[in-house]
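Presented below are the structures under discussion, each in the form of structure tokens.
Presented sequentially are two complexes of subunit A, the first with subunit B as partner and the second with subunit C.
So, the complex of A and B:
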């Protein structure tokens, strides 16, 4: 690296930065590949088609919620303290799951329960938007208050109990297969493609990143910043609503404790930045990060390593990744 | 924004000044409300129980958080400091080393968490949010491995032989010991943050890190001290926690994380620079505690309490920050 810097001709700093970013990016991919190869070599059954789809299936819920977080990061900047963040996302999914499960229990059909769950999610997202855009409360604090509201509403709806659910749709989501892949896998694939198209190949996405990247520049370019921040929070809420149905399908019930997914979701969205070219949150990067975390959990399971270690390894990974990235950004 | 900007400074000043009192006014209104509608809210017993059960531990953690947030950081790993301190404390007592060695061991465990945070932030240049998030995950694994998956450790009366009672159930001049410990922490953090050169440097670090760096503030040193202090305060809270419940329950410290952050930021609403302060944080802690207790007394169950607190905090902050936003 120092050789590059000294031998640099026209724009030495720029070139040095490009090389080190490339190194980080390749390093992240190489790390992922190395871990996957290690599991393939040591864990029996890791590379079987059944297990590989199982990994995708296990990553779906985490991945979809992390997509919501990624949209919020994209629209409000990546500085997690001063920029935007949505701490209420996982609790929101829990609330939506409760709404869905309780409506089904009370005899309403999926035709009412699913829109109700998604609208609940979007309403909570809109509440975040109101707090952040209209009241100008710091996102970290605003979404913390909304987290309490969402978690409290979930508890009042379910009285902190498991609400078992069964419906044809749930069975289809949980056990259905199409072209050899499970419903959850398909949903993850489709959601990734749709969100990549919106976030990275559309005008809306471009403007969303502009708002998150440089507020004043975006405003000067004539973008209505507030609308995009609202949009990001509401879209994240809608994704939480959609994911809640998958959560209910996977567990055949609405179960207290969904809110505890907040930290893994944050980890996936932040880890995803190292898979992107400019080290920013992207849908593709988040997708890889979710799969990475899913792969780790799956590999550990197959190797018979105690699940105690999973969160510790996740934590260490975040630290390594971020330390390397921050050195590369200099 | 759609709000018309004020050309004269006078109405803006009034709104700005008003917004600084929004939290205090809300706090007084809430107390008045519960004094009227909740039987026994104002009784001495109830007030002491609010402080002992709801305030002391949260206040000590929130003081640490205030220091960290004042320096421009955040500490998501306070739960780890609480839990590891509590764990080492209880394990040492269970092994027969007595309360003093236990407490020192507990604080040493918290110190390790603080030093780890400081090293990650200063040496590896990781942003505090992510550094402490990583420690939070690692702390969970440490606890699960040390307790065989997360089994609580309960001590028998013979094992704790009065240690817990000395810490949690004695009085000094008629005041319960935990309250005295909290008062000492409040005074210490107040002096450090608001009445010392160190505090000035920390505040500058939080407000304008570049200015701090260019004027020769030892950024790394001050950041380290702040994170270590936060970890030690959380460690003390952990010792108080396990003395009160006479056991160590893995992963119970995380419950304080969001409340401590909330209290600190609610506290920032009371001054015009929106800066964390010891007085503001204590007001935030009291606000949360009074709301929990009052809603309980008027018969709301735990679940509705949570909704109520969320809505109230939302409204208080909305008024406070909203008024200020309009005045700009």
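So, the complex of A and C:
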């Protein structure tokens, strides 16, 4: 036994912190399970295969946008209270949906409209990047301003009306099934796998989390921090563009009000942190959290509870999660 | 002798008209641990930043393993095997040990990270160099300070480091951890690495270093074997004192004890601090960065909750739960960072000065403006604050005058005990003398002062008595005349001769 080995034992205070982190995670899983069991016992039809796939389907759009938020959290501050955020994400999706729908209505094909929607999302993301990295504006404020820009552009494009569209692709997305699962479900599964691989099993992901975890440490390791922050915002914007196509497909139109998705998106990305060992936003955690919120909305619906309550519950979830994780980290 | 790993010759660095480094050499051979010492501002960090490629040299040559490098950049220097272990533990708290060791040099398996290789290799390195069985999946935030230091070093070793530069590596470590770190450094030295060791702690320099370069005022004044010449000689080389007529004298008879502190403990900062502070006394308090000296002042001002011990003010036991409580009992503090804590830079001189004593210049909740102006103008004259008028914004004054405003603010509120945290940092000589005169005047008026400074000469010249804190222990209590800056530095640096024999604390009957 060398003297170094004595330095190897973790200090007791650190141990205690480990238990509180573990407690948070177990509590989160237990909470999810308890609520699911409660709905299974009280809500008629909750456990039917149809309803369960319905939950996944309902969670897809929320989940994809929350993945975008997760990437932003990862690259700008895994401690969500001090780090960055993208408030413009949902409004960005609304704008992309408008671009997509308006292009289709004006006779362009999906081959043009889809890239256009995704590029629009990435452009808005890049704008966030410019504001945060180049102009060094506080992310909360910068992305709030960009939210307004995106919303304004959406209203200008659609004149605040519903833009109904239809195309073979939209029909396929809305009604197509493969191996008994809907298109949306498949997209959710594939997106989760791809993003898990990028965020948690690639160099880019590791470095992205390093930038968000400790800016100075990342810089000292020779990482170009700014590029990763830009990347996170642009990727989130791209995801918003991609999701906008699903939104249009589900509603067969571009409809005002997509921006209101912000609260559930934020709730899902924040709630995701309690499912991770490190108490940081992860793709897997966010996926679970999106399903959790989807389950809540679905259960409330089946029990006949007003949907207005869902919004309140989401707000409360944000408060509880942020409070609990910051206490567990202390 | 072998070819030097690092050979910096005649390196010069200027920032505009300021000369940070005049003409310094630093030559480090493989298989040695080379100390780099110097007082604050001697150019230690400048020469290291030039080597790291953070600053560009103004003149001089830099050779790494015989190869002259013209354009020193962080990437170029790291490619040649020179690695820097920063004083701050620059690691991502939410990353695992394996991820931290391989960050930016990640092994890949196809497009993916090779997690298995990262884990295996981390385990291997930690075991081989440190005999440390640490799971590579442990999070950085779960490691002790010493373990984090080890991960930093392992990261360098994983990239085949040939030169390690350690900046104050022991600053946040406890004694036992320092011992294990030294063991590792010796082992790496025996493996043929060149190690540059920067530390304020003289005892560590003599313990671990084979050679030492001493810097003073931007010049390397000597390369010595520390074990041969000893601490006092090194300190002498560092300081080369010349006490000028900077320090005004005073003659005050000490009065009754005002503040008595007994066994004050506040883990992990300091333990068992005891002293008496008399009316008319200036008590010096000093220690190296992180020694706990600042925390003693904080505890006395109610900014830190203590674990045990007693504070008596005028014979009555007090317990300050907040600075507000301390102020209302007649204890004032002049904080160090005046921009952050001392003054409201956007307010006027008048408003700042009367802020701490609004109750004296106001009636029924309203400020009596004419009385306020009268009081403040008097203080401006008294302290010789150079301002066009009481309504000038504080941010437009010079550093020294800003500091005087802070002092005036507390002078005004008629406190009994003044805690001064580095009141002379970053002020010019003229303002310094005025602050010293002010301290003397307060003492003459029968106030009691605690003067915390890392400028040892100031302490020696100004204080009736001096307490030295070393790693949280009060290790010495010197009376005026017993002490010079060399001995004080030796004590603060933990020199064995000065440790363990604190003068008995004077206790009043």
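Structure notes:
Definition applied: the second predicted complex is superposed on the first by the 307 of 330 C-alpha atoms of A that agree within 3 Å, B and C clash if a C-alpha of one lies under 4 Å from a C-alpha of the other, contacts with A are read in each partner's own complex, and residues count from 1 in each chain.
In the analysis below, contacts are C-beta pairs under 8 Å (C-beta built on N, C-alpha and C of every residue); 3 or more make two chains touch, one makes a residue touch a chain.
Because the structure is predicted, anything quoted here is derived from the model rather than measured.
In the superposed model, A:280 lies in contact with subunit C only, and not with subunit B. After superposition on the shared chain, subunit A has more residues touched by B, the comparison being subunit B against subunit C. When both complexes are overlaid on chain A, the residue A:148 reaches subunit B alone and has no touch with subunit C.
In the superposition on chain A, no contact is made by A:50 with either subunit B or subunit C. Contact with subunit B, but none with subunit C, is seen for A:226 once the two complexes are overlaid on the shared chain.
In the superposition on chain A, A:217 makes contact with subunit C only, not with subunit B.
Across the complex, subunit A is touched by residues 1, 72-74, 120, 124-131, 133-142, 144-145, 149, 258, 261-262, 265-266, 302-311, 313-314, 317-318, 321-322, 324-325 of subunit B. Those residues of subunit A that touch subunit C in the shared complex are 2-8, 10-11, 14, 17-18, 78, 197, 201-203, 205-207, 209-210, 213-214, 216-218, 220-223, 277-280, 329. Per the touch definition, subunit A reaches subunit B in the complex via residues 80-81, 87, 127, 131, 134-138, 140-142, 144-153, 155-156, 159-160, 226, 263, 266-267, 270, 306, 308-316, 318-319, 322-323, 326-327. Contact residues on subunit C toward subunit A in their complex (touch as defined above): 74-75, 78, 86, 88, 90-95, 99, 103-104, 106, 108, 111-113, 115, 130-134, 138-139, 141-144, 146-147, 150, 176-177, 179-180, 183-184.
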